[in-house]
Structure formats: structure tokens, C-alpha cells
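To keep things simple, chains are lettered A, B, C, D, E and F as they appear, and every chain counts its residues starting from 1.
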Amino acid sequence: AYSTKEDSTTRPVGRYPIPNKKDMPYDIVELMEEVEMKTGFLPNVFKAMSHRPAEFRAFFAYYNAIMNKDTGRLSKADKELIIVATSVVNRCPYCVVAHGALHRIYSKQPALADQVIVNWKLADLSDRDLAMLEFALAVCRADNITEEHFQKLERHGFDREDAWDIGMISAFFAMSNRIAHYIDLRPNKEFYTMGRVP
Amino acid sequence: AYSTKEDSTTRPVGRYPIPNKKDMPYDIVELMEEVEMKTGFLPNVFKAMSHRPAEFRAFFAYYNAIMNKDTGRLSKADKELIIVATSVVNRCPYCVVAHGALHRIYSKQPALADQVIVNWKLADLSDRDLAMLEFALAVCRADNITEEHFQKLERHGFDREDAWDIGMISAFFAMSNRIAHYIDLRPNKEFYTMGRVP
Amino acid sequence: AYSTKEDSTTRPVGRYPIPNKKDMPYDIVELMEEVEMKTGFLPNVFKAMSHRPAEFRAFFAYYNAIMNKDTGRLSKADKELIIVATSVVNRCPYCVVAHGALHRIYSKQPALADQVIVNWKLADLSDRDLAMLEFALAVCRADNITEEHFQKLERHGFDREDAWDIGMISAFFAMSNRIAHYIDLRPNKEFYTMGRVP
Amino acid sequence: AYSTKEDSTTRPVGRYPIPNKKDMPYDIVELMEEVEMKTGFLPNVFKAMSHRPAEFRAFFAYYNAIMNKDTGRLSKADKELIIVATSVVNRCPYCVVAHGALHRIYSKQPALADQVIVNWKLADLSDRDLAMLEFALAVCRADNITEEHFQKLERHGFDREDAWDIGMISAFFAMSNRIAHYIDLRPNKEFYTMGRVP
Amino acid sequence: AYSTKEDSTTRPVGRYPIPNKKDMPYDIVELMEEVEMKTGFLPNVFKAMSHRPAEFRAFFAYYNAIMNKDTGRLSKADKELIIVATSVVNRCPYCVVAHGALHRIYSKQPALADQVIVNWKLADLSDRDLAMLEFALAVCRADNITEEHFQKLERHGFDREDAWDIGMISAFFAMSNRIAHYIDLRPNKEFYTMGRVP
Amino acid sequence: AYSTKEDSTTRPVGRYPIPNKKDMPYDIVELMEEVEMKTGFLPNVFKAMSHRPAEFRAFFAYYNAIMNKDTGRLSKADKELIIVATSVVNRCPYCVVAHGALHRIYSKQPALADQVIVNWKLADLSDRDLAMLEFALAVCRADNITEEHFQKLERHGFDREDAWDIGMISAFFAMSNRIAHYIDLRPNKEFYTMGRVP
């Protein structure tokens, strides 16, 4: 059974009750076990979303469609960087900490996510990465997106399909950040240290 | 074939190309035809999202899971009102116009959405509806959500499952508004007049 | 007698008492009857301002001097569009709804005001109209107005007298919006549907 | 003839040409001469507005109706303080400097306007005056005005007619500040030193 | 003994107690007497900071290092103008009033500080002075400072050492303004009138 | 000699040249060597500030007076937490990273600074610590500080001398953050990993 309390600490994973494993639908248990096997622990977002099985399925199916697609110029590290940079704007503890960890793992750069968290414009980023984050943050702020936004991306090698990918990740995490806020979703403690030492 | 241009006007439905109906996967055509039959026209969001079939499926499956669920205290009109109020914050033409129309249809109140669009706090709303929108807008702004937010909802008859529903709709349209911005999604002209006269 | 309550609804026209017609000065009654004859109903701003006859006279004299002047390049529809776009910034229900209706009447464009209300930069406007609204909104926000502002207007065919006209309408409604807020002025229900169908 | 340039300095009174006295309508010249006689110099707002005689008349008639009315609890110094506090929000050089001077004259307090200009909440003001400015600034910012706003005023001895007066002055100068911005209206140099020494 | 109350008014100089002169360390008394001799009165910041002798010494040593250095292109009036313009952003009554007075003394321009207080961009400033304040205000707002900021200064004759001087004064008064806020430091009444008449 | 470039990376420590050790005044070298001995490396702020020896001395003397004083209820970890929380507001990479590291060292809590960096209100903090940060952030934002601020601190065991300490640290780092911005001060890479593993 997954507990609403994490380990020995007193603070629960989130605000909503988490069902016992034996009461969960089989497909959800299966996905959780696969993730836990792969990651070494079960990220709290899976526990929290299992409170609503239909939404659990919809959320992770969507996540999968945009994060695990094969096409386009965005690397796994690029995607995580977009999530970190936009989740900071929404001050989302879960997404910043969890995806900061994933960025360290994928990028092998242990300090870059920390830099982006404080001030992305001053981080040690290439012009390409700055352009990518600039677009992602314009979407994150719900700015009007103009032809100039697309042209700037194109000058750094991203075509309109890449722009869609960047925008969709930013938009999806605009949703995720807000879900995390009303659930009061807490990061697993493992995330804080993942990928810090090579 | 669905066109990227709407009717006789020159402005396209959105920024991305829309596939010909004959090139679309069958399940997508089927859903589109069902919607068109029911609504009398095909809302442009279906055309625009068909550019990415996998994301089309994920988007509408998620939408369906939260908008068409049977449980909870939110009426269809409540849900549309949440979408209107939060989409105004993000200045999303498609979502405000389309869901303003749907609110008029479901609520039979032809002026209320227009009032909420200008200034929700001065609209002719019950205290219950004001509390509902206040919570939805706190989620929309990515505010920290505290126990006080939930208690205020409870004083107006919403339990924590209703809070989840309100929050999830607000979060989902935080995503939708941003997708609409990078797609430059335009409302069908039918939406402007729907439900204005009883 | 004009009532502080509109028709059968319970919400009053505004926060301040409205004098009985028989107690009003003759010139005010005369103006009201002329307006009611022309419009088909008496817009609530006339009722609300009659609480202060001297200010009623000053307000409508000023309004008349800027809205009904013969000179300049601003059409009646242009003027209403300026009022709609700036009153949205101040979230003024009366001015947005009433002047949105007048814009539909004068422009014969039933959807444009609704578009400007949500997001003027994404509305179906000519470059000339965008430049006009950009200047009006700079004045509305009390920005410093520089030579660049005037030059941009000139590139779209507006001279400095037109700039004054745009600026004055924006400034006058900066006042009107604020008066409407402390009076809690409510739009007549007729405005919501005026000009929606050709 | 009134010049667009003030005295020996090179910076003009404003952006628009000022007609020669001999070309002005008689009533405007008459009012100007009366003001100049009384004040010792002609405030630049009279020169600038004379560019548009009809608007000159409307502007000063309105100003007169609200600033020189006999009823209510607002002293002349109160009214000037409202103008100073709200014009600071709009960063209007003319209104802050000219009405700061008038406040010093009417209140006999040489430092108070300067304090309000920097930080009204920390100025040496009575609770009554703080409540008056709080209401004026709520109107100035185009906030929704609620019953709580009126009740707070009432606790400090202002009734709803006084509230109208405070609100109207704030609203009128919301307009004036914006006119001054597009005209680029400059304060007469006399204002800077008026009333500083008893 | 220096009093926490200024003269005959009832409002204290600040929120913290001020030691009696006889209880102060000798070096602090000495500095105070020197300043009082030179200025004609003892500015309240000296009284307030004497509550913490170690911090008094550190504060005035730092102040002296940046305000009384001989090198660079900033005149005494330039430095005071930077302090006025940045302290307005933080709405600091003491710093705006005291350094506005010092600016009038050093610049012999009795109206310029008042103009900068209301709206620095509309003040009668040279392009050089506008560039200086623009840099100071970027530092004041804690903006990211880029090469473009330095290049703009260079186009107006300031080298990188001058940029450091401008930035350091802005940064030091970012601190001073905040200290003044928690101390509730009040300006000496003498400052209001200093340098107003030539 | 201290280099403007850190180690093998190409990005310099800051924007201004750093003198060779042999050209530095003896007291500065002495302080640097003491710090390097104690910390294991020389934090870049010492290198960057050595460009201006007089300001170096003033800066570190002030820092020492407030950070190393013996009195008051603030622990070393408390002080570092204040610096982290306020430096995040100003998006200062150096101060957030360096003082986040120092907080981990002093507090033995490896995740708390990371939590405060993302969203201090949601961090695992005691009510006392939340009150401390709330006051520090009010000073950081240059808010007016009222009696209510002090009373709230008192309810959590902080007296007015502690309030001064909290305020002074916040004010001093308001300065430091801004200096770091115009210097473009980069954190030493050691800081990113310090104190992460017990």
C-alpha cells in the first residue's frame, strides 16, 4: 500500500488520500510498478494522481505522448530544462525538484538546473537553449505568440514542429504545476540529491 | 476535408496545417463527425489538434474525463463558467468565446458570461458561484493553495472532491489556453451568437 | 419616474438614489427624453448621473464635445472601439457592455467588440486600428507619451489632431470608468443583445 | 499672446500649438485673465487647453462643478491632497507640482504634499485623511468599489455624498493626468516655490 | 543628548531608541559634531544609526568610500540625483527628502529633484543624465545587467569604472532605503526647504 | 594571482578585472588567505570586490558587523536562510548558490534551502522561521514596515533587536544582490555541491 505519508517524515505526500494498492485498478498498479522498478522509487505524482483513476490514465497518457515521442529536435535534457524553467515561474516545488533531478541525470550537468532555477538568463546556456527557454516561458506566461517568436526559434535551428513540442511541454506543465498546487504535492526526498555527483 | 481557412474569411483557423479528412486516422474522423453532428458545426479546436493525432487523442480523452464525469456538484454551466473566468485571465480568444457560448446554452442566462468576461466580481453571481470562481482563479494564477481556500469552498457547499474538480478544470484550461496561443486558434464564427436569444 | 431598480430585476442601476423625474431640472429631463426617444430606452448612465445635476450637465457636455465633433479622422465606430478597448483595462462593466453594443451598431461588425474585449492584439483589426488602439491604451495606462507614439500614429494616417482626439476619448473614459466603479453602475439589459444579428 | 514657450527656457509648455490671444474666443480670454489676475500668473493648463476651445470650456466647467461646489465635508486643502496623491500614481508632473503648490497654500502645511508625493501612508496625516486618500486611490486604480470602502469612509465621518466627491475628484484627475501626458504639459516654474515659506 | 523626538513635534525620529550623547562612543560623537557643524543640524540618519555603534561605523565608512571618493566622472550633484531617483522607487521618505535637498544645494537647480521625484523620464535632464539614471534604476530594480547597459553608458561618456560608481550608489541606497523603512526614519524638517531659493 | 577566469571554464568570475595578488594591499591579501584557509577555496565575491580596495574593506567590515555579531536570537543557519530567501527575489545567482550552500552546512538540512528557493511558503519551515522570512521579505521588497510587522515577529519570540538584525541582513543583501548583478558575479563551482550529503 502506498501511504499518504512519505517514509518517516510527518508531512504527507499531498492533500488527498491515496488508495491502498489492493484497491487500485490493475493497469495503474502495473504502471506504478514499472516506474518504481525503473526509477528506484515511486515518484509522488503517481501516488497522488491515483486518487482519480480516470484522470491518472489521462494525465500519464498525455505526458507519455509529449515526453516520450521520438520525433523532433528536443533531447530528453531539453525537455526537462523546459519543465524546470517554466515550473519555477509557477513556484511549483514538486516539478522544479523532480525535473531538476531528471535534468541532471539526462544532461550530466550537475549545476545547470540550479542556475536556471535562480535566473535562467544568467545560466550557462547556449544561445539555442536560451531561445528554447524564451519560447517556453512566453507560452508559460500565456503571452500572445507571434510570428516573431517562431522566427527567433528558426534562427536557432528549431522548426515549427519543434515549436509545437516546446509549447506543448510548457502548456502541459502549466497544468501540472497547478494540479500540484491544489494537491500540495511534495517531492520525494530522493530527488534532491539525484545526479548531483558524477 | 477540413480547411485551415474558415469559410469565406481569409484568416486561417490556426497557425499549423490541418490534414485532409481522408488522411486522418479513423478514430479522429469518427469523433469529429460525432461532434459536428451534435453541435451543428465542428469547433476549430478539433481541426487544429488533428495536426498531432496522438496529442489529439490525449487532449480529448483528458477533456472528456473531467468535463463529462457524472460525479460531483458542478453542473455543466458551472464548468463552463470556470473555463470562461480563467480563460479571460489568459486572454484566450478561442476558449472565452467558445465556452462563453456553451455557458449561455447550458445556463440559459444570455448575459452572465459577458459579465464574467469583463469583471467577474461584479457579475450577477451567487455567493456560491463567486466562491467557486475565486478558487478556480487562485489555481489559474498558480497561487499557493492553502487550507483556507478549501474551507471557504466548504462554507459554500463544495467538498474536497468538488475542489479537485474545480482545480482540475482550471488547470486543464491553463494548458488549453496556452496551446491555443501558440496555435493561434480562432473561434468559429457560430460561437459569437450561440445562445444569445432565448 | 426613473427607478433605481431596473425592470423586474432586484439589482439597482447603481449605488446612489435616482431622483424622481418630476424633481429633476427641466433641461435634464429634456435631454433624457431625447436620448430615450433615439435609443429606445434610457441608458443607465443618465439615470445615475442625474443624482448630481451640475455634474450631469458637465459630464454630458464634455461627452458631447468629444464624441459628437465633426472634425478628424475618427469614425463613430472608431470612437466606440477606443472606449471598449480602454474600458476593458479598467474592467468597467457598464462602459464595456454599452459601448460594445454601440460599436456593433456603428460598425456593423457583430463580433469585433467581443474580440477586442478578450484580446485586442489578436482581434481582426487593420494595422490602422491596431495603431489607434495602441495609442489609446498608452494614454489609458497613463504611460509617458513620446514623439515615437505620435510618429507611429502618423505612419497609419493619423495626424496630431487625431492623436488628441484618440487621447481625449481614452482620458475621458478613464474618468467615466472610475465614476462607474464608485456608482456601481449596471448596464441596461438591452445592451447585451443590441447589434448582434444583422 | 500666450506663447508655447515659457519665459526664457527653451522647453515649450506642451506639445500642441497655443493660439494667439487675439485669435481666442472672448469667453476663454476672459477666464484666463481672471485666473491670471487671481493667481499672479496663468497656469499652463489654461494655455494648453485653449488649443481646443470647446474642450477648454467643457474641461473648466466640469472642474468648476466639482472643485468649487459649496456642499460636503471636503476642504479646499482636502481636494488638493486628493489630486496630489492620485496624480503621483499616474506620474503626472503638471498635476503633482501645481496641486502640491495649491495644497501648501490652502493647508498652510509646507511639507505635507512633499511627504504624500513620496509615500502617502507614511505622511503626517490624520486617520481621517488617510481614509480619504485610501478611497481616492482605490478609485484612481480603477479598483472595484465595495460597500466596505464606503463603510470605512463612514467610520471617519464621510457620508456617501462625500464619497462621491472624493471619487469624482479622483476620477476627474484620472482624466486630467492622461490629458497632461499626451499634451506633455509642463508646470509653470512659479509652482515649485509657492507656499514653501510661511 | 539627542532625542528620539524631533524638536517640538510629537513624531519620533524613528522607531528605535537613540542613546544619550554621553553614552555614545567617542568616535561617533565626534563624527556627529563634525556633521552638525558643517550642515547646521544633525541629519536624523546619524541619530538613528547610533543605536548600533558597530553598524553606525560600518554604514558611514561605506557611505564615505563611495560618496566622497575623488575619482570618476560623477559630480556631487550626479550622485545625489541617483539617490533621489532610486529612493523614489522604494518610496523612502528620508532618502528622497534629504538627498533631494542635497541635490538642490550641489546642483543649484531648485526644481530638478522635484521633477525627478514625480517622473524622471519627463524631467529637464540631459541625455547623459537620463542614461545615468537609467543604469542606476536598472540596478535599483535588481535587473540583470547586460553588456548593452554598459554600452549605452559608454555612448554618453561613462566608462566601466563610472558604471561601477553608479551601480554602487544605487546598490548602497537599495540598502539604506530598506533600513530607513524598518527604522521608520523621518527626515529633519530643515531638508524640506533647503536650497529652494537661490 | 587570482584569475578573472575560474579554473578551466571559460566564463570569468565577473565583469571587472581582478588584480594580481602581488598588486593587492596587504590587508586584503591577508583576509583572502584566511578565508581560503577556512573555506577550502576563495569565494568569488572576495576576488571581485578586490577591484576596489576601499569598497572591499567597507563591504566586508559591514558584512562582519552583522553576520558575525554575538548578540540576538538569529543562528548562523537563520541568517543564511534570510539571505537565500531574499536573494531569490532579486534572482541573484551568486548569493542564492553560495548562501544556499552555507545554509546546508550550518543547518545540517540538505533540502531546506532548495525548498525555500522554489517557494518559501511551502517549505518545511516552523512558524517561527516563516515569520522571520516574512519580515525579511517585507524589508527586501521595500514595503512600508508597520507596527503589525513587529508584533507578528514578537508573537514568534523575536524582539525589536532581532527585528533590526533580520531587517539589516535583508537590507545588506538587497545591496549585495545588486552589486553582484552589475559585476555579473558567478558562484564558485564548489558551492553547488557543498553540504548536500551528510
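The rule we apply is simple: a contact is a pair of C-beta atoms (placed from the backbone, for glycine too) under 8 Å apart; a residue touches a chain by one contact, two chains touch by 3 or more.
As the structure is a computational prediction, the values presented were derived from the model and not from experiment.
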Interface with more contacting C-beta pairs, comparing E-F to C-E: E-F
Rounded Å distance between subunit A and subunit F, as computed from the means of their C-alpha atoms: 30
Distance between the centres, which are taken as Cα means, of subunit F and subunit D, whole angstrom: 46
Subunit F: positions in contact with at least two other chains: 91-92, 119, 122, 144, 184
Chains touching one another, given as label pairs in label order: A-B, A-C, A-E, A-F, B-C, B-D, B-F, C-D, C-E, D-E, D-F, E-F
Contacting residues of subunit C [partner subunit A, same complex]: 119, 121-122
Subunit D to subunit C touching residues, read off their complex: 15-16, 51-52, 54-55, 57-59, 61-62, 65-66, 69, 89-92, 139-140, 142-145, 150, 160, 163-164, 167-168, 170-172, 174-179, 181-182, 184
Complex contacts: residues of subunit F adjacent to subunit A: 11, 88, 91-93, 96-97, 110-111, 114-115, 117-119, 122-124, 184, 189, 192-193, 196-197
Residue ranges of subunit A touching subunit C (in the complex, touch as defined): 144
